[in-house]
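First chain A sits with chain B, and in the next complex the same chain sits with chain C.
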Partner chain A sequence: MARLNDDAQWIVLMGFIVSFSLFFLAILINQSTVVGQTTAEAVSEFPKNDIRGVREVIIASESITDTTEKERVQREIKILSLSRQNAAVDFSAKSSTTHTYIDIHYNNGVAAYNETYTTS
Partner chain B sequence: MISHNRHAPECGVSESIGFMLILTLVIVGIGMVTLYGYPLLMKQQVSADEQIMEKNMIVLQNDIKSLAYKTVPYKETSLKIGGGTLGVYNASSTPAISTITLYNADTSEVYVQEFHPGDLRYESENAQEDISLQNGAVLKRPRLNTGSVMIAEPRWFYDSTSNTMVINLISINSTTFMSREGIGTVQMALGESSYQYVPLDGDEVVVEYAPDPNADYSTAWNNYFVNSLNMEKVGTSTYRLPFDSSRKATLAIKKYDVFIKSL
Partner chain C sequence: MVNENGQLYTIEGVAAGLILLLTAYFVVNSTSIYTPGDTHISDMQLEVIGADALTMMDTAPNATGKSPLTQIIESGNADGFTSMFLSTANATTGERQDTIQFQANLTYVRSDDSINSTLFARSARPFTGTEHAVHVSRWVILEKNLPGTTGDRHAALVEVLLWRD
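Let's look at the complex of A and B:
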């Protein structure tokens, strides 16, 4: 019997490595559509402009001097953000001797945003 | 180098027996593959079709989200429907594709009377399962068994800070019943939308979900109402909205009409 020639065993080893890596690649590809979809959705659905807009309007509304007018505007902000942006908005202001602190809350079911704004 | 000088005994070695052995192995191999491997492959194909359709339904759900919440007027998606058919059951089809009723339990004022969401449904022939895009949610159920799961949730939410509940009702409409198999394009347009703003003062608001007897998704909706939205089950198919009764609350109900132009 001839002695076993095992010089080419690396070919078999490479075969194993390639097939296992293909297997894992297949699993990754299978998952990628779902992951890509959720990440893309998370990025595209973050309501950056909506938050900026509503925040600006809330801050501006705090400087209205007429109390009834201010109350009416602030109520309208809440109703409008619900109807137009599909978001629940809540805010309240506290005044100290020097500053006014406005607690702003925004939630549209996907993203929630909280901020305490301090007037200078 | 001893082996070179000595021959191995070859008395029992026969070419025909070796050939027979290898041929038998090959035939048995082919037989095993056709017997067990092929059905397994077919099963894989069926589940692949289903998974693809699940993803497709999520894509269509995103289209509907764009139509409803971002007021995009028109959306179009091409998709491949394998191993079954995709059909539109519009909001006026009978028996009704589940209905949602919203009412105030204290004053018995009705906010939404039997809302018909319609259904965009994939009916798998081989897997005996249905995947539905209904009221903004993607749901799945076995056709011959009870029970169902929600693959993607609709965008209903309760905001505890402002004590506000937003309920989005999306109805799917079409001029006729349509269905499609193979590669097709789903064209959707936004129809009418309406908005209801209800200020509440410690009132108890109840949502009632009545399933379609032919396509019962009540388990999935029950889990969504109770686990995701923290509603309290008060009757067989009625749920109390999670308002904080000690404060003033707001209920916002939005209705969107999505029109399927073609499949």
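Let's look at the complex of A and C:
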């Protein structure tokens, strides 16, 4: 009985196979809970409504006829964007004889948006 | 005759299996403490409902007229805002109403560049800070002199916190 007993090795093998497969299943389950969360987070972090809102208000501000009022409103838009929506917003308008071109830049650190809007 | 050799190997195999099972159990158990993704999905939907309600309120009846939202803010009609926002946001198919509550602030820039954000309107249940609220906002250009400002035309933000009761 001094020799090494090498019977029942298949039971040891089965033990290893079952436990390793369960371990990999645990990793799969672990990953599947994170998948739904990261997608939903990515959607809620993208500032879709902020970009649309600031774009609309910039275009609306461009149609103010009084120059002093227009400058004041546009300055307020930049200050409010920075302090309430954490976004650096800059815009300027150029006019040709027929159209006005508004360069809109938006950046909140996560998403950047640039557009040249042309009035009809 | 039953061979009784190698029993120690068997016991060792079972023990190893149990240890690994326990490890797997702890791994699965510890991830369930993580915030479930479902809460973010309902946040997203609530945000869309709020933004849509504000967009509807900010839609003018014709090209020259003012939107109901701008008129309400300019006249300081808090009750009008409350009833319009709640009826828009809580509308469901059928008779039963949704249970969305809100608190709306009007935020603007004073002439010394400081930000003023004051409560404009809120629903019956006050916001205590423990609700799981989402934030939506809408830009308006007001033809009105606001406290602490000069001039009669200002950009302002209508900021709404909304949550399900």
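Assume the second predicted complex is superposed on the first by the 79 of 120 C-alpha atoms of A that agree within 3 Å, B and C clash if a C-alpha of one lies under 4 Å from a C-alpha of the other, contacts with A are read in each partner's own complex, and residues count from 1 in each chain.
The rule is short, and it goes like this: contacts are C-beta pairs under 8 Å (C-beta built on N, C-alpha and C of every residue); 3 or more make two chains touch, one makes a residue touch a chain.
Given the structure is predicted, the values throughout are model-derived calculations rather than measurements.
Visitor: Contacts for A:T68 in the overlay, against chain B (first) and chain C (second): which applies, first, second, both or neither?
Guide: The answer is second: A:T68 touches chain C but not chain B.
Visitor: Scan A:S83 for contacts with chain B and chain C and give back first, second, both or neither.
Guide: A:S83 contacts both chain B and chain C.
Visitor: Is it chain B or chain C that touches the larger share of residues in chain A?
Guide: C
Visitor: Is A:N107 in contact with chain B, with chain C, with both, or with neither (first, second, both, neither)?
Guide: first
Visitor: A:T97 contacts which: chain B (first), chain C (second), both, neither?
Guide: neither
Visitor: I'd like to check the shared interface: which positions of chain A are touched by both chain B and chain C across the two complexes?
Guide: Shared contact residues on chain A (touching chain B in one complex, chain C in the other): 33-34, 37, 41, 79, 83.
Visitor: Inside the complex, what are the residues of chain C that reach chain A?
Guide: So the residues of chain C touching chain A come out as 3, 5-10, 12-14, 16-17, 19-21, 23-25, 27-28, 31-32, 34-38, 40-41, 43-44, 47, 51, 107-109, 113, 115, 117, 136-141, 151-157, 159.
Visitor: With touch defined as at the start, can you tell me which chain A residues reach chain B in the complex?
Guide: It comes out as residues 1-3, 33-34, 37, 41, 78-79, 82-83, 86, 88-90, 105, 107-110, 112.
Visitor: Quick one: which bits of chain B touch chain A in the complex? Just the residue numbers, please.
Guide: Answer in residue numbers: 3, 8, 55, 58-59, 62, 69, 155-157, 159, 161-162, 164, 166, 168, 195, 197, 250, 252, 254.
Visitor: Report the residues of chain A in contact with chain C in the complex, numbered from low to high.
Guide: Interface residues on chain A, with respect to chain C: 5-9, 11-16, 18-20, 22-23, 25-27, 29-30, 33-41, 43-44, 49-50, 53-54, 56-57, 60-61, 64, 66, 68-69, 72-77, 79-80, 83-85.
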